[in-house]
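Heads up, the next two complexes both have subunit A, just with different partners, subunit B and then subunit C.
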Partner chain A sequence: MDPKQKALLEQFQARIDAEEKIEPKDWMPDEYRKTLIRQISQHAHSEVVGMLPEGNWISRAPSLRRKVALLAKVQDEAGHGLYLYGAAETLGADREDLIDELHEGKAKYSSIFNYPTLSWADIGAIGWLVDGAAIMNQVMLTRTSYGPYARAMVRICKEESFHQRQGYEILLALCRGAEAQKQMAQDALNRWWWPSLMMFGPSDKDSKHTAQSMRWKIKRKTNDELRQQFVDVTVPQADFLGIEVPDPALKWNEESGHYDFGEINWDEFWQVVSGNGPCNRQRMEARVKAHQEGAWVREAAMAYAEKRSKRREREAKAAIQVA
Partner chain B sequence: MTEKSNKKNWPLWEIFIRSKNGLSHKHVGSLHAADAEMAIENARDVYTRRNEGVSIWVVESRYITASSPNQSESLFDPADDKVYRHPTFYNLPDEVKHI
Partner chain C sequence: MSPHQAHFEYLLRLGDNALILGHRLSEWCGHGPILEQDIAMTNIALDQVGQARSILAHAGKVEGKGRDEDKLAYLRDVGEYRNVLLVEQPNEDFAFTIVRQFLFDAFNFHLHEALRSSKDEQLRAIAEKSIKEIAYHLRYSSEWVIRLGDGTEESHRKMQHALNSLWMYTGELTTPDEVDELMLEAGIGASLGRIKPLYDEKVSAILQEATLGQPESGYMQSGGKNGKMHTEHLGYILAEMQFIQRAYPGMEW
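== the complex of A and B ==
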């Protein structure tokens, strides 16, 4: 490495170590920029694809109260996707390219959204577990070293706490209802528990990005640390609902002060990540269809804006001539 | 701005929100829109879903000129050694009140 480059890298690391935030026009290593574009765009795609499993239940929400809440939640996810695409664009990424990469299967999104929402209780489980897991990760990211990403996370965390509470409230209602309703809640927990634990990503020993991301303070906790934190806060919440976490190995460990839990099915994790989950194809088809069917709207809006701007120019010229 | 592709993408806008009267507009982020009116409507949906604002400014990003981090020494260092611009630089006896 040439000495000038080395000095820049050292200066950069010193700023990170001093807890200075990095802003868009600051010098940064190419790899830092690339890592952030990859991570932020994956995060944005997850918010956008995440609307699909929940959107499935908007028209079938059991009451108006549940329906307005779910609509507001799904609208928030769209907003969160936009904050994040905006943050990625401050790094020089082009929005259109990022979306193309998603649609062409080159970019990843959280694999949890490749599972189906089979019953109303799944909407409760998503809010409680999926948003709960996301919040754990996102609270950490409010302190990430890249300024625009950190600011987007602050907004998102403020908004998402309602998401988790509305989900838990749905399950609470079911668990206090008839036996069949409680059974629905249990069934949802059975199906969503393990995929939620997988949301934190591969185990630290298999995570190729973790070490560098920790050095650059993009991340401040490892996948396994966050996963443990999630298990520790979530198990008592399941106990309160009176439903059982589907893990025979789950056990409070007095000594460590944490729950011990069973091994994740990593084969399933990698299968879903690589495109073979229950709904991968369906999700991408829905995304591509929405994008293609919206193309004429985007083009028409652009044509209309151009026409109006030309008319304004003509009117301005005419006004000058009259004067 | 749009040289790199033939597609006509909506331009990027920077969004500033006044959270309540008496406070200045503050930058909150960016979004894409075909024109200024649409940028305001989209900013309403994206950045003020929970009463975060009473007024919105939108500026197309390409019209913003920003200082560069490389200039920061020449721009900001001259202020470093001018402590006499701060009230604590001046020594007054404690008996003197309201000053």
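== the complex of A and C ==
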């Protein structure tokens, strides 16, 4: 490495170690920039794809109050997608290119959204578990080293914790309701528990990005640490609901002060990541369809904007000539 | 029809219009042509379902039979719904959605302007609160009618097609019937006779700016607001919307 480059790199690491935020115009290693674009755009894609499973129940929400709350929630996810694409653009990425990468299957999004929403209780379970798991990760990211990402996370976290309470409250209503409703809640927990644990990513020993991301303080906790934190927080909440976490190995460990839990089915994890989840194909088809069918709208909006600016120019010229 | 019955019917019309159009728009959520427009359409859907809640809750009180907003929304069948035919028409594509929205908003705006002086205090308060939202809806849909009408050849063609298809559902909006007459007399409802020229003027002006041809007035289909003959679409909307309440009756959610 040439000495100048080496000095820059050392200065950069020193800033990170001193807990300074890195801002868009600052020098940064290419690999740092790439890692962030990858991570932020994955996060943006997850928000947008995540609109689909929940949006699936907007038209069937069981009361008008629930319908409004769910609509507002899914709309928040779209808003998060927008800020995050914006944060990725501060690193020189282009939103259109990022979206193309998603549609071409080159970019990833959170695998959890490849599971189906089969009952109303799933909307509660997504809020409680999926948003709950996301918050663990995102609270950590409010302290991430890249300024615009950290700031986007502060706003997103506030909304996500509201969503999580809303989800839990849906389940609480079911669990305090009729037997059929309680069963619906239990069934949702059975299906969403393990995929939620998988949201934290592969185990630390198999995670190829973790070590460097920790050094650069993009990540501040490992996948396994976050997963354990999630289990510790969530199990008592399930107890309060009166439904059972579907893990026979789950047990409070006095000595460690944590819950022990069973082994994740990593085959399933890798299958879903590589495209073989229950809804991978449908999710991508829905996104691609929306994008393709929206092409004429985007073109027309551009054409109109151009026409209008030309018209204004002509009018301005005419006005000058008259004067 | 008794004035009391007409009052209830009149409120159902307002509430059902807002609910059904809000439902239709909400079908776009997650599938919009641009993320920004996805958000904007959801905003309008949220306003409309919100308005529907206030009006239906009030309608239930006026009826006095213990029906709340959810009982009215979830436990009435097609024949008991009182929305205009226009709002139950399917989304089809973004052109249909925008034209439907504009043709409705232009009416809804003047209607709510008038309802701000209704003798029904609760309705007046709701209209006062809703008018700002509806003014925004009208601005949004007008801008998009212009943008897409005067955009590309393709967008112009799609918009003209949507306009021609939906035009026959506009007559019902401004044609008064017994309920409208009774409510006008009671000082509760708006004068459709006064709204009609304002509506026609707004629609003509925007279509002209959008370079779209205004369809011949011709045959107008009605039957929505009096509930005599809805289109087939409404049954599917209700089947979906009411599924949980029908499958699991009498539970709290």
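We take it that the second predicted complex is superposed on the first by the 323 of 323 C-alpha atoms of A that agree within 3 Å, B and C clash if a C-alpha of one lies under 4 Å from a C-alpha of the other, contacts with A are read in each partner's own complex, and residues count from 1 in each chain.
Operating definition for what follows: contacts are C-beta pairs under 8 Å (C-beta built on N, C-alpha and C of every residue); 3 or more make two chains touch, one makes a residue touch a chain.
What you see is a predicted model, and the numbers here were worked out from it, not measured in a lab.
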Determine, under the contact definition given at the top, whether A:89 touches first (subunit B), second (subunit C), both, or neither.
first
Name the chain, either subunit B or subunit C, that contacts more residues of subunit A.
C
So, does A:242 touch the first partner subunit B, the second partner subunit C, both, or neither?
neither
Let me test your reading of the model: by the given contact rule, A:299 touches which partner, first (subunit B), second (subunit C), both or neither?
both
Which superposed partner A:75 touches (first subunit B, second subunit C, both, neither)
both
Contact-wise, after the overlay, does A:26 reach subunit B, subunit C, both or neither (first, second, both, neither)?
first
Classify the contacts of A:105 with the two partner chains as first (subunit B alone), second (subunit C alone), both, or neither.
neither
Taking the superposition as given, does A:152 touch the first partner, subunit B, the second, subunit C, both, or neither?
first
Subunit B and subunit C footprints on subunit A, overlapping residues
72, 75, 79, 82, 298-299, 301, 304
Looking at the complex, which residues from subunit B come into contact with subunit A?
4-5, 7-10, 12, 29-32, 34-35, 38, 45-46, 49-50, 66, 68-69
Which residues, counting only subunit A, touch subunit C once they are in their complex?
48, 51-52, 55, 58-68, 71-72, 74-75, 78-79, 81-82, 85, 120, 170, 173-174, 177-178, 180-181, 286, 289-291, 293-301, 303-304, 307
Which of the residues in subunit C end up touching subunit A in this complex?
19, 23, 26-27, 29-39, 42-43, 45-46, 49-50, 52-53, 56, 69-70, 73-74, 93-94, 146-148, 150-152, 154-155, 158, 240-241, 243-245, 248, 251-253
Mind listing the subunit A positions that touch subunit B in their complex?
23, 25-27, 72, 75-76, 79, 82-83, 86-87, 89-90, 94-96, 148, 151-152, 159, 298-299, 301-302, 304-305, 308-309
